[in-house]
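In what comes next, chain A is part of two complexes: it sits with chain B in the first one and with chain C in the second one.
Moving on, here comes the complex of A and B:
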């Protein structure tokens, strides 16, 4: 376990070093979230103030988190393949799962920064009033959202290891996830046959919990607690699946010899 | 003590062709090879491209699974005990890939140390020592993308020693390097065996293999066709000498005529622009020299000499002998 934690910490540190060494990071952290916020503003400009605040800030913030969590993980994997470093990390005793966990967490936290940035832009430039009646409930829901995004990144890591087109898959997947999680609208507007996809995504429930946490007394609200519970449950399921898939993926890669292909 | 034991190792790659109607094709890369590497030995593996050298290294370093056969590294099975194997080995590939180019040399090493579970205080000390060993201590804080190819390769060497491995696998570590950089890497490889490390080296540089290796295996089409010390390998093709002829602008028909006339000897021709170097391995150098002078009448002969056979001569003979 000590070695796993060391690998996790190393992956966190390396991802931060690498992120800050890229000339595009100020752009990713500013322009992209701003674009998401603008889309949300135009979508909800005629909505009541409360809906406007929730969906502009949370909706575009969640889109930013998705983009960062998925995009970051797929980009890291593509980069590892392009640079040939994946071959070296694979032959170390470090678990690929713990490397991916560190990487996914950093990208999810960077996603949270986009949420904070959008909140700031909304308050300062768009005149949106943000009131969080239950800060503890809000914080808990936000932390769980980060965890959910990080674990989804971890879960998809196995898949990204197998493919040479991780970025293309990430682009395709993120669009679906925007739709299924109801980042810009309640999932009740989706057709019945699409909703099961939403139900199996942990961020669907954590985002609902965030929306409920702006109401007073959220911690005693059974609806809020149920959403938190479902987020935790699904996150645990993703973790187990990620752990299982990692073993299967590594075995498959040692047979298929596709790890080095770019 | 054998630190690497390989028994009947086989590896088949399966590729698919076509889109709707996919056809599978099997490629035999390693064909039932068996060998052992002793502790502290510098073991070389030679062979033409596609002979199975890199595949063998990839199997032994747990990157690939064998299709059949068995391999033990430090007593651990590479298929079933890959984690135990990984803790005791490291691998160095040639070329510029394999490094985090936007990170500094020092950051690359620190990250790798963590992946191997080296305790942080030990890692800090070892990173500084290794950077000094490979002459990168003054450039440790520079991004790898600013390194020359030789510097990147030196960083690879440092990276390969970060976990103080018992066995180091090197796949063409001097490929593409200038002579000075290659000399530096060879010195460090030699130094490693002095430290009691076991080194498994693949290379295309026969002079390098001759200078460095205690024993050499020659691979051809996935099979080991010879395995011995460089000295014994030289004796493998008999008590022969080499008549070496340098010519300028030799026509193709002359070359064919030469090969046909000297059927009992092994002839190899290397072309460098308009110049050719013909090496004829023979037990009767005087007779062959006279014969060659006769056969090359009308061709500009720059030099002709008789020399002892090198590892390169033996290698060429072994890998080309039954080309048909």
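Moving on, here comes the complex of A and C:
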């Protein structure tokens, strides 16, 4: 375990260095959710301030985290392919899962930048007041959302190792979560036949928890606790799937020897 | 003239083969069918929640037609960056070939691809988002889509030129696309933008294209849309000329500084 944590810490450090070396990277990773959030600002122009804060401000934060977690993972993989370092990373005795976990976590945290950007625009230019009645509940829900996005990024990492068109899939997958997790609207807006997709996505529940946490007494609210529980449960399922898929992918890549294909 | 057209078609076919021959169908089909459906769904459901069901058609058509930008602008903008990545840019730009022909042959593929993208988007609009085509003037709609796609190559050329001088053009390309997405009246009318932003909207050919497509779907004839189409063609000429000069300027500059292959 100690060895794995060292690998994890090294991956976190390397990803932070990557960001420091390319300071505009977080900006480019989150520019799409930022632009989508600006469109939402116009569409929500007549909504009550509380609805605006719950859906536009918090929703843009979730979109930013997701775009960053997903985009970061796929870009990391594409970069390693282009730089020719992917084979060296792959053939080290360190676990690929822990390397990917370190990367995913940093990328997801960096995505919080969109939340800060939209919150700032909303407070400074639109006069929206952001009041969080249960800061502990809010923080817990945000941390779980980051974890959920990071674990989904980890789960998809195996897939990005197999494809040479990671950016194409990244475009599709980013929008998949925007549609189904109810980031900018409640999932009740979706047709009935589409809702099952929402139910199996952990961020659907963590975002509900975040929205409930702005009300007083959220920690004692059974709805809030149920959403937190479902987020944790689904995140654990993704983690197990990620662990299993990583093994399958590594085995497949060693046989096909297609890792360096760009 | 006929010789030039034949040459253009021959070059376009070669470029098309070079661009897509290596790509797996699954990847291309994802970009062509799945991404547009998801993006349209997101904005249509967002509009359903915020503005009510009455505005669904407005948003669905806007998002369908903007797919020409997703394909044409991005495709054209990436032409030179693609050559750079593949290590063929230096070889290409040291030939005496006509630069306009080099560019046009690469753009033609994306113009057609852009129209195909918008048609797919409009099919989704009809099948899933309740847009009715009962009154549509299909000839007018086809001309609008063609001119919308063609006119975005001017902006694409400007962005593509920058890739001769920058390490990576994707950030500039993404910003250009997202600005168009925000300003071209796709999800809400241009009149709702702050006054100081509106002049920018009117410099984007797609602003007129999206509105003309909405009118064609509602039954407007080609004659009724002619003024919008002429404005789009005027903007195309202006932006295309500007793009061409920027392209030749950066080509000279990159050759002088030896940065053509900088990645």
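To be clear about the criterion, the second predicted complex is superposed on the first by the 250 of 262 C-alpha atoms of A that agree within 3 Å, B and C clash if a C-alpha of one lies under 4 Å from a C-alpha of the other, contacts with A are read in each partner's own complex, and residues count from 1 in each chain.
Please note the rule applied: a residue touches a chain if its C-beta (ideal position, glycine included) is under 8 Å from a C-beta of that chain, and two chains touch if they have at least 3 such contacts.
Keep in mind the model is a prediction, meaning the values are calculated, not measured.
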Query raised in the report: Looking at the overlay, what does A:139 touch: chain B (first), chain C (second), both, or neither?
Result: neither
Query raised in the report: For A:36, is the partner it touches chain B (first), chain C (second), both, or none of the two (neither)?
Result: second
Query raised in the report: Of the partners chain B and chain C, which touch A:248 in the superposed model: first, second, both, neither?
Result: neither
Query raised in the report: In the superposed arrangement, which partner chain does A:21 touch: chain B (first), chain C (second), both, or neither?
Result: first
Query raised in the report: With the two structures laid over each other on chain A, which partner does A:185 touch: chain B (first), chain C (second), both, or neither?
Result: second
Requested in this report: Pick one for A:200: touches chain B only (first), chain C only (second), both, or neither.
Outcome: neither
Requested in this report: Spell out the part of chain B that touches chain A in their complex, as residue ranges.
Outcome: 13, 58, 61-65, 83, 86-87, 89-91, 93, 95, 97-103, 107, 110-112, 114-117, 120, 143, 159, 163
Report summary line: chain A contacts chain B in the complex at 2-3, 6-7, 9-10, 13-14, 17-18, 21-22, 83-85, 87-94, 99, 251, 254-255, 257, 259
Query raised in the report: Touching chain A in the complex: which residues of chain C?
Result: 23-24, 27-28, 30-31, 34-35, 38-39, 41-43, 45-51, 170-171, 174-175, 178-179, 181-182, 187-188, 192-193
Query raised in the report: For chain A, which residues are in contact with chain C within the complex?
Result: 24, 27-28, 31-32, 35-36, 38-40, 42-47, 163, 165, 168-169, 171-172, 175-176, 178-179, 184-186, 189-190
